[in-house]
């Protein structure tokens, strides 16, 4: 293995981590503020991707498609929050898991009913196509660099919002003590709707951004959802910082595991079994990471609650 | 109490009468359908032992369901091919005997549950949900890429394993076996729920401080409950494998964990008979809605949503009202 | 004076910069009620946790019945004979009164890992449970759920559950809190008798109760014991009055 | 639309008169809900089109959704055989579901006609006289890709597939025919969506070309990311990732890619021209590979129904073996293990107007059977 390949793979891991962060940020926010486990977060991701594909197909504009993904996912989020989710805040996790699992079924088949069973087309715009040369002679996809940038901007925006704005103060207060914030005269149900819509919009944006280089199809949300849960559990549920660190850890572990585990086993095993053992182990690597983290920190890396 | 008693009796009665009727009119598929409901019910009873009685929300019970299935698959595969399961350090041969397979499935599932539980019980709440899911996912990916027993293709065992004195390939006889096991499991869980262990476990779920103050360690109670829970679900997995004469990594998937949880919640968390009602309802829904439309998952989702939002406590909560204290 | 049953020797506990317990020595002897008083935030709950288990002191040791129990878990201490009642009722809320009492008796007997016999038909456990409930005056409420009980009744049940353990000492964290005048009065009469069964380490805010019941009093201020002695000594102790009683009466 | 009662229109009349003696009852178990539903829908539509075109009023088709779950498929097969008393089963898309259903079904005496999956055990030691595969053995398209790589002059290829049995079979099939060197061989996680790490490996490996087998959404993701990576080595793959149903989702990223298939919509034979036209007229979309396989499966069965009574198992089996039907692929015959002997073509992805589709640019293998024939005792 060459150093340059290692650096490139580390960059890939970072980029994958940032993609996961976009998805995990909304999930951890919703959990931190409302204490809600939302399995349907993956469906909002899917809605964002489908909305973007539909709008890009009709208008040809990628930026309009991104806007559409934000708006549609946020709108779906508000609807779901209003009709279903707000009845679940004071329920236990079990009811939340089942109800949002039911939402997955409804959203997935509803999307298939509207858009059909075949994957949709969504591509990055021309101005983000192609590659750029990085130092050390690494040729890297411009679009992937752009995703890293957007992801870091979103992270910065969230840190700013939570740390510096009035709405952020309310969110933090709500995390600590629901009754207190209600006593302060803040309209708590409006705050919750806002936070849920924000989380949904982030998921939708992630769906659109990632959909441009992946497959826009029904069921695209569930594998990402499980990864996002792994991320926020590693980071500590409710912590945006934890989500960012967790996402990057997961991204790096997965990417580097995939790239180097088979050749690592090749050092002392025959090639075919090295390949299969390496591949099996790398598909389990993030779960091993998560179990390892939880054994030493049962509330995740940044989980204080 | 009386309402619940009648509901239990009716449930068991219908579960027995329906296949007998199907047998008399020669509809073997309907017998198989009832058997499927029973096997799912046993899996749900297993989860309910940890989830309902101990408050341990495990989203990884597919690990035990799948392990039970693979115990059956691996033992039967080696018996069919006349190869030993293991040649060293001691020779273990395959078997086609159901009772042996059940015992091994129960023992290994309990052992796996002790391992997973000992690690997972360090966490609680959502972390516990996710760490149990992680263990099941690892087994899922492992079996997918493990070529010896078919990987993702799974493994077909063409003929059901044997039970002394019965023809297990005859649907009604296999049904009878499963029904008998259901009764035994229900009897055990019913007894355990009223036993000293049940009282202590329930108290631990409600208030860990309390159980410590009377001199007992919650961790031991939870771990025991988790092991029993895993063993029952593992037994269900072995039966499920024999029902289908087929095993595959799907048994380990998170959707399987989710479905087992649905049986429990649909029926009523913490009720001894809850998972039975839940599994029967789920099979009924799957069977009738599947014929309505290509998009039947939408209706299934809407019904599940309705149950969570408006029928708290599941079917049993709706019909039998609030749970009465066991005494 | 007899040998102390419970002997806390020089324990200290810090949380970051905060010294919650500062070289505390306190003991409990047969037949006495030893009251621990102190203003809010003095570190009473932290001290109780270190005695009952659940919090390990940084330094110092806890001796019980001649044995060093500093490293033992809460459950192990309970099995050795520490009966505890909590400041905030800590009961199995979904269970009935009788079930909670049976739970105590079962925990004490120790054969928890039995799966087949109905626990609520176990004559031995029921006898212990009923006797304890009768002592605290809850015999009329066997079948009531704890969640339906009044605040005072829950306090009584706490004591009853502790009784089922036949403890060698009682640790009681504010048992009078929230009781009406009549309830307090009844409980005081009961504790007065109870000390002959097993001595009581009593954390209490109700000064009337403390001065009526206690044989000895220790005063905890800012994590340290500033005085220990018989009731009259403490009542007359100028340091205590300025540091604590004065403040309390002013409040 | 009531699934359970999708009957070939005329069969209603047949039922009304009770005339069932000559007819055949078909059970179709296929994936109609969830992520992989597109393939099942195509197989079903192709199959039903052929049934309708046959004009026969004695073919009854019962259709059920397997949800892509093996245990559900097994239950449905039991139901179809035991309760519906079907004569012929068909429809399964996925190898793992086929492995779960087929051995048990054929052992109970029904015929199974596979419109898509062709796992190797069923072609070799596990072959059965009542099992017919009308699509291909799983390795076939990969073998064709290997053969094409030779003719294209590739000598240092990078190959990748998901880490599951069909993936291992794919790479083994490719290597069976390919004669050059491998610059790398990688197994990815099943369901993986991000391929940056693999693409970086390809770039670093010094390969002159890439072969991949990534069915469904995995292939779409890989192709889009590959096109975006600046690695411009030629790619070859089996038709699955370049099929009509998903090409539109890949878009320009797939243009020019060579893929191997036993069918293409521009195959110039009478049956195919009629099929493509009538499929488009009936369903308003271009037919896919899977639709052609469903169509051929139905026509094979119809040819057998016309030649023999399904209750006479031996005669019906002989009629199936004769494969006397006009296949959309042109020449079609069964090998002794009841798997196809057929030509495999090389197609190139092109754009016609706004539609992405394939055109044939060559033939990879002629009259090709499969590697497992000799293991089959039939």
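Letters A, B, C and D mark the chains in the order given here, with residues in each chain numbered from 1 onward.
Please note the rule applied: a contact is a pair of C-beta atoms (placed from the backbone, for glycine too) under 8 Å apart; a residue touches a chain by one contact, two chains touch by 3 or more.
Heads up on the chains, UniProt names are A = Amino acid/amide ABC transporter membrane protein 1, HAAT family; B = Amino acid/amide ABC transporter membrane protein 2, HAAT family; C = Amino acid/amide ABC transporter ATP-binding protein 1, HAAT family.
This structure is a prediction, so every number in the text was calculated from the model and none was measured.
Among the remaining chains, those touching chain A and also chain B are D. Interface comparison, A-D against B-D: more C-beta pairs in contact at A-D. Compared with chain B, the chain whose C-alpha mean position is the greatest distance off is C.
As a whole-number value, the distance joining the C-alpha centres of chain B and chain D reads 36 Å. Centroids built from CA atoms put chain D at 75 Å from chain C.
Inter-chain spacing, taken between the CA centroids of chain A and chain C, is 50 Å.
With touch defined as above, residues shared between interfaces to two or more other chains in chain D number as follows: 33-34, 37, 163, 187, 189-190. Counting partner chains per residue, chain A shows two or more touched chains at residues 108-109, 112, 276, 279-280, 283.
Counting partner chains per residue, chain C has no residue touching two or more of them.
Under the contact rule defined at the top, the touching pairs of chains are A-B, A-D, B-C, B-D. Those residues of chain B that touch chain C in the complex are listed here as 188, 191-192, 194-200, 202-203, 206-207, 209-217, 221, 224, 323, 325-327.
Listing the residues of chain A that touch chain B in their complex gives 31, 37, 84, 87-88, 91, 93-95, 97-99, 101-106, 108-110, 112-113, 226, 229-230, 233, 237, 276, 279-280, 283-284, 287-288, 290-291, 294-295, 298-300, 303.
Residue ranges of chain A in contact with chain D, taken from their complex: 2, 4-5, 8-9, 12-13, 15-16, 19, 108-109, 112, 116-121, 123-124, 129-131, 139, 141, 143-144, 210, 212-220, 223-224, 255-256, 258-259, 262, 275-276, 279-280, 282-283. Put simply, chain C touches chain B in their complex at residues 52-54, 73-76, 78-79, 84, 86, 90-96, 98-100, 102-104, 106-108, 110-120, 122, 143, 145, 161-162, 164-165. Chain B meets chain A in the complex at residues 51, 57, 59, 119, 122-127, 129-131, 133-135, 137-138, 141-142, 144-147, 254, 258, 261-262, 265, 269, 295-298, 300-305, 307-309, 312.
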